[in-house]
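The same chain A turns up in both complexes below, where it pairs with chain B and then with chain C.
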Partner chain A sequence: MILCRVLGHVVSSRKDARLEGAKLLAVVEVEPGGAERDELHVVADTLGAGAGDTVLVVIGSAARMTGPTRGQPIDALVVGIVDSVDVQA
Partner chain B sequence: MLLARVVGRVNSARRIGPLDPFRLLVVRTERTGRHYVAVDTHGAAPGELVVTTSAAAARMCDRLEGIPVDLCVVAVVDDAEVPAA
Partner chain C sequence: MNLGRVTGRVVCGRQVAELGAYRLALVQPVDEAGADEGWPIVAADPLVRAAAGAVVWYVNGVDAVDAFEAPQPVDAVIVGMRDP
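Up next, the complex of A and B:
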């Protein structure tokens, strides 16, 4: 899993039929301390994350291992909204 | 698989239900220093060196079958001979 910060929503009218109803977020990878990495991802979300939230994201087929996302053409999913990260130096 | 050191943990009250029982560790890869979050079922502690396995292989670990996990600790390292970079 990777830590990301939510930048905002991605809205699309023309999309694969199996993406209907999926909520998509634009997120940027972050270090545990909060510093942004370069990589921008589009991830599906079923937990209700919003802009500014730090989220835990799974990549690959793991994204399709939940009821709502089974069979959807997605490869990234928010699996947790992060309250805090404790890191020792 | 990756060789990584446990450097912390992630606290998240709102998460996908099947992830609830598990500890979420921040691990830092030994060579490149990249940070990832791994599910831990082995009681790995901060400072310990671990081996992680990723993608579908992560869900072949005990108790992780069929849940949305893409990285987990598969071994806590007692000793590893790794030349310095």
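Up next, the complex of A and C:
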């Protein structure tokens, strides 16, 4: 998984029918210390993350391994809203 | 499989139910000499409970899903710890 920060919502009126009702977010990858990297993603979200939140994003087919996302044509999903990143070594 | 060094932990306040209660480890990929290689990732650690500084093997991508009895929304999982 990768750490990302939520930039905002992505709105799409014309999309695959299986994405009806899905919430899509624009996120940017961040380093553990919080600095942004130059890597943007559009990810699905079922947790209600908002702009500024640090989130844990799963990439690839694993994104479809939850109840709400099974069978959806997605390859990136927010699986956690991050409380803390504890760098020890 | 890939070699990495555990550098810390990530704690999520809210998470998808299927993620379970796995520890989430910050892992810095390293080469065989132990030098950093690329960007850190976050891996589930359901087995070895690796402490910071430990060198671990992890699998990523679709292979990580197979490390669990039932499919999990996980794309990186620690499967072993290298003996010190």
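Keep in mind that, in the parts below, the second predicted complex is superposed on the first by the 88 of 89 C-alpha atoms of A that agree within 3 Å, B and C clash if a C-alpha of one lies under 4 Å from a C-alpha of the other, contacts with A are read in each partner's own complex, and residues count from 1 in each chain.
By our rule, a residue touches a chain if its C-beta (ideal position, glycine included) is under 8 Å from a C-beta of that chain, and two chains touch if they have at least 3 such contacts.
These numbers were taken from a predicted model, which means no experiment stands behind them.
Visitor: Who does A:Leu19 touch here: chain B (first), chain C (second), both, or neither?
Guide: neither
Visitor: One more residue to check, A:Ala51. First (chain B), second (chain C), both or neither?
Guide: It touches nothing on chain B or chain C.
Visitor: Applying the document's definition of touch, where does A:Ile81 land relative to chain B and chain C: first, second, both, or neither?
Guide: both
Visitor: See if chain A has more residues touched by chain B or by chain C, and give me that chain.
Guide: Larger number of chain A residues touched: C.
Visitor: Regarding the shared-chain residue A:Ala62, is it in contact with chain B (first), chain C (second), both, or neither?
Guide: Once the two structures are laid over each other on A, A:Ala62 reaches both partners.
Visitor: Take the contacts of chain A with chain B and those with chain C, and give the residues found in both.
Guide: Chain A residues touching both partners: 1-3, 31-32, 46-48, 56, 58-63, 65-66, 77, 79-88.
Visitor: Can you check the complex and tell me which residues of chain C touch chain A?
Guide: Residue list for chain C touching chain A: 5-19, 24, 26, 39-44, 52-53, 61-62, 64-65, 71-76.
Visitor: In the complex, go through chain B and note every residue touching chain A.
Guide: My answer: residues 7-16, 18-19, 24, 26, 35-39, 46-47, 55-56, 58-59, 66-71.
Visitor: Within the complex, which stretch of chain A touches chain C?
Guide: Answer in residue numbers: 1-3, 29, 31-32, 37, 46-48, 56, 58-67, 69, 77-89.
Visitor: Which bits of chain A are touching chain B when the two form their complex?
Guide: Against chain B, chain A makes touches at 1-3, 31-32, 46-48, 56, 58-63, 65-66, 77, 79-88.
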